[in-house]
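The structures come next, written out as structure tokens.
Both complexes below contain subunit A, partnered by subunit B and then by subunit C.
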Partner chain A sequence: MLEVKEVQKRYGTFELECSLTILDGQITGLIGQNGAGKSTLFKAILDLITLDSGSIQIFGKEHHELSGKEKEKLGVVLSDSGFSAYLTVRDIIAILKNMYSNFDLSYFQKQMQRFQLPYDQKIKEFSTGMKAKLKVLIALSHHAKLLILDEPTAGLDVIARDEILDLLRDYMEDENDASILISSHIAEDLESLCDDLYMIHEGKMIFHEDTDVLLSDYAILKMSEEQFKKLDTQYILKACKEAYSYACLTNQKQYYMENEPGITIEKGTIDAVITMMIRGYSL
Partner chain B sequence: MHLIINHSSMVPIYEQIVEQIKEGILKQELKENYPLPSVRTLSKELKISALTVKKAYDALESEGFICTVHGKGSYIAPVNPQLVWEEQRKELEQDLEGILQKAKRFDITKEELKDLFLLLLEESSCWK
Partner chain C sequence: MKGLWIKDLKLMTAQKYFFLLILLIAIGMSISAEDVSMMTFSLGFVPFVVSLFGLSTISYDEFDNGNAFLFTLPITRKEYVFEKYALSFVLAFVSLVVMFLFTIFMAAQKGMLLDFDGWMIHFGLFALILLLQAIMIPFHLKFGQERGRIAIILLIGALLLIATFIQKGLEFIGIDWMQVLQSLPILGQQTMLILLYGVSFVVLIISLKVSIQIVSKKEF
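Up next is the complex of A and B:
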């Protein structure tokens, strides 16, 4: 569906250098701190910035060679983009009808109803949650094959976030083989939605794993210094010294559960893994 | 069908699904030919990754509990009670074997272990 190959882009001291693959029918999450390069990567994928080197393929074609018709198969949410705040939803529907040959009015109306969005109110009068829902809805309105969503849930409360994620889940159920690339800095959102996850830090991909494997096989091991010295480190990815103990990240939880009965083992969560990947050191 | 996922459990989510569907089959709550939700649907409803659901379905299929018709979905396979019984016994044996090894590591004698087991059996509320 989408393949980003060894893309490089330099802005002053910041350098983006990454690869990423999104398979048909999969939801891929991109997670990273503010300024890690998430939005730069999204812009690169959409051909909004020129690459220094590397290539990006969408639907098996170079991304800058996509025809207008092929671009209609993309659904996009970017953080600082959208329709003029002086338009109403009714105005936007007219635009979308002319913009996308596949625009699905009945789907759009159904979701408008679901989220109780008003047709005749100017968007500038919408709440943050309403604006966010509308943006995602527009991206989903025309049966896009690839959704590229940059922080669609940023700044929303837990209920609004959940509603947007449910909208995406419904979409994936209804559309055969659609794929999603979604970024967020709220790990929980991605944990419950994505099939695989990429972690970006200072412009580089530092981690890629299936969510399923991350949740079932990764763990944080906590132990005393003596235990740490004797620890079998063959499956330890990162270690970190804490105030009164040592913490280690492993991708073989089962192994340590069976062989190191004395140490404390916590289930891996995305947040724990990111923190260890960034703060920990390799052995 | 009942499925309860415990996100804070150490048991991987796919295993939780496998165990609960097996249990449903065993208790005859899930009957032969009962259609299971598609991978995407179950993933949506449980709010978990589709690959986790797929892993659970694959495991159930390889053990003969469900069958998948390409393009149509997955169904509960006809059950052989004998097979299920053997399956459970095998699992129990494995667990007990693990305990035996642990006892060995802890230098517990056969007699001590036997006494401990009988004591626990006596006090257990499982069979009351």
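Up next is the complex of A and C:
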């Protein structure tokens, strides 16, 4: 569906340097801190910036060669951009009808009612939550095969975030072979939604794993200095010295549960894994 | 492409009160005009202003980084540029035809007839609007509304400076440029009009190519 191969893009001191693959029917999450390079990667995929090197293929074709018809199969949410704020939803419906041959008016109207969005109010008068819901709704309104969603839940409260995530789950149920690339800096959102996860830090992919594997096999091991010195480190990915102890990240939780009964083993949440991947050092 | 037209028409309707105000001023001026040439002049500026509405849609697109999302829609950058030129052309043409018919109507109300000069002014005006748009659109696309205006002022300043240098240079080598100008054959109105359309057309084609290059290379 989407393949990003060794893409490089330099902005002053910041350099994006990464690869990524999205398979058919999968939801892939991209997580990283603010300024990690998530939006730059999205813009590179969408041909909004030129690449210094590398290539990006969407639907098996170079991303900059997509025709208007092929772009109809994309549904996009950008964190810092959208339809002009001087338009109303009614205006946007008229535009979408004439932009997308597959525009689904009844779906759009149904979701408008679900989210109680007004038709004749200018978007600039919408609240942050209303704007976010509308952006997602626009991306989902034309049966796109690939959804590229950059921070669709940013700045929203828990209820609004859940509503958007539910909308995406419903979409994946209805559109069997569709795929989603979604970014967020809120791990919880991605944990419950994504099939696999990429972590980006300072422009580079530092981690890629299936969400199920991450949640079942990854763990944070907490121990004293003595225990750390004796630890079997063959399955330790990163280690980190804390105030009075050591923390280690492993992808073989079961192994340490069986062989290191004296140490504390905590569940490997996405946040914990990110922290260890960024702050920890390799052994 | 049709979606882009709808978008721009919707954006322009957001400025409908400003447009109506321009129209009322033009009608008011034409009612108080005492002869046909005054009437032609008072109505002539409406197509100018209306074609600027087309240009304003570029600013609306750029507002709040809107271009980034716009180019993820099923359009190509080339289509976007074509649409902007076509929109400016259509706006200028339609408003010119409407105002032309209105001038004839208003003149008839006052028992006057639109003479040959009046026709020529309207036709010439259209070419001038196209020329103006051909110069302004690439500047707007490259620099945006505010910086685009400054860039055009700088361009005019630079052209005036070059003209002054040429004039001084000619004076230095002993050529009187006023005499040279006066010795040129006087062109008829029709020839001037054809020349004006020719220049506008060439500038428009160059402008279109430059604009496509600008938008193709732009990063959002």
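Everything that follows uses one rule, which is that the second predicted complex is superposed on the first by the 283 of 283 C-alpha atoms of A that agree within 3 Å, B and C clash if a C-alpha of one lies under 4 Å from a C-alpha of the other, contacts with A are read in each partner's own complex, and residues count from 1 in each chain.
Keep in mind that, in the parts below, a residue touches a chain if its C-beta (ideal position, glycine included) is under 8 Å from a C-beta of that chain, and two chains touch if they have at least 3 such contacts.
Everything numeric here is computed off the predicted structure, so don't read it as measured data.
J.: Clash or fit: subunit B against subunit C, after overlaying the two structures on subunit A?
T.: After superposition on subunit A, subunit B vs subunit C: fit, no clash.
J.: Once the shared chain is lined up, is A:Tyr100 touching subunit B (first), subunit C (second), both, or neither of them?
T.: A:Tyr100 contacts subunit C only, not subunit B.
J.: For A:Glu72, is the partner it touches subunit B (first), subunit C (second), both, or none of the two (neither)?
T.: second
J.: Report the partner of subunit A that touches more of its residues: subunit B or subunit C.
T.: C
J.: In the superposed arrangement, which partner chain does A:Ile186 touch: subunit B (first), subunit C (second), both, or neither?
T.: A:Ile186: touches no partner chain.
J.: Classify the contacts of A:Asp195 with the two partner chains as first (subunit B alone), second (subunit C alone), both, or neither.
T.: Touch partner of A:Asp195: subunit B, not subunit C.
J.: State whether A:Ser216 touches subunit B only (first), subunit C only (second), both chains, or neither.
T.: After superposition on chain A, A:Ser216 lies in contact with subunit B alone.
J.: So in the superposed three-chain picture, is A:Leu51 touching just subunit B, just subunit C, both, or none of them (first/second/both/neither)?
T.: neither
J.: Please indicate which partner A:Gly82 is in contact with in the superposed arrangement: first for subunit B, second for subunit C, both, or neither.
T.: Only subunit C is touched by A:Gly82; subunit B is not.
J.: Quick check on the superposed model: minimum Cα to Cα separation from subunit B to subunit C, whole Å please.
T.: 28
J.: Quick check: in the complex, which residue numbers of subunit A touch subunit B?
T.: 25-27, 165-166, 169-170, 172-173, 192-196, 210-212, 215-217, 253, 257, 265, 267
J.: Please name which positions on subunit C make contact with subunit A in the complex.
T.: Touch residues, subunit C against subunit A: 2-3, 5-7, 10-11, 14, 60-61, 63-69, 71-76, 79, 217, 219-220.
J.: Mind listing the subunit B positions that touch subunit A in their complex?
T.: Interface residues on subunit B, with respect to subunit A: 8, 10, 12-15, 38, 40-41, 43-44, 47-52, 55.
J.: Give the list of subunit A residues in touch with subunit C in this complex.
T.: The contact residues of subunit A facing subunit C are 43, 46-50, 67-72, 74, 76, 78, 80-87, 91, 94-100, 148.
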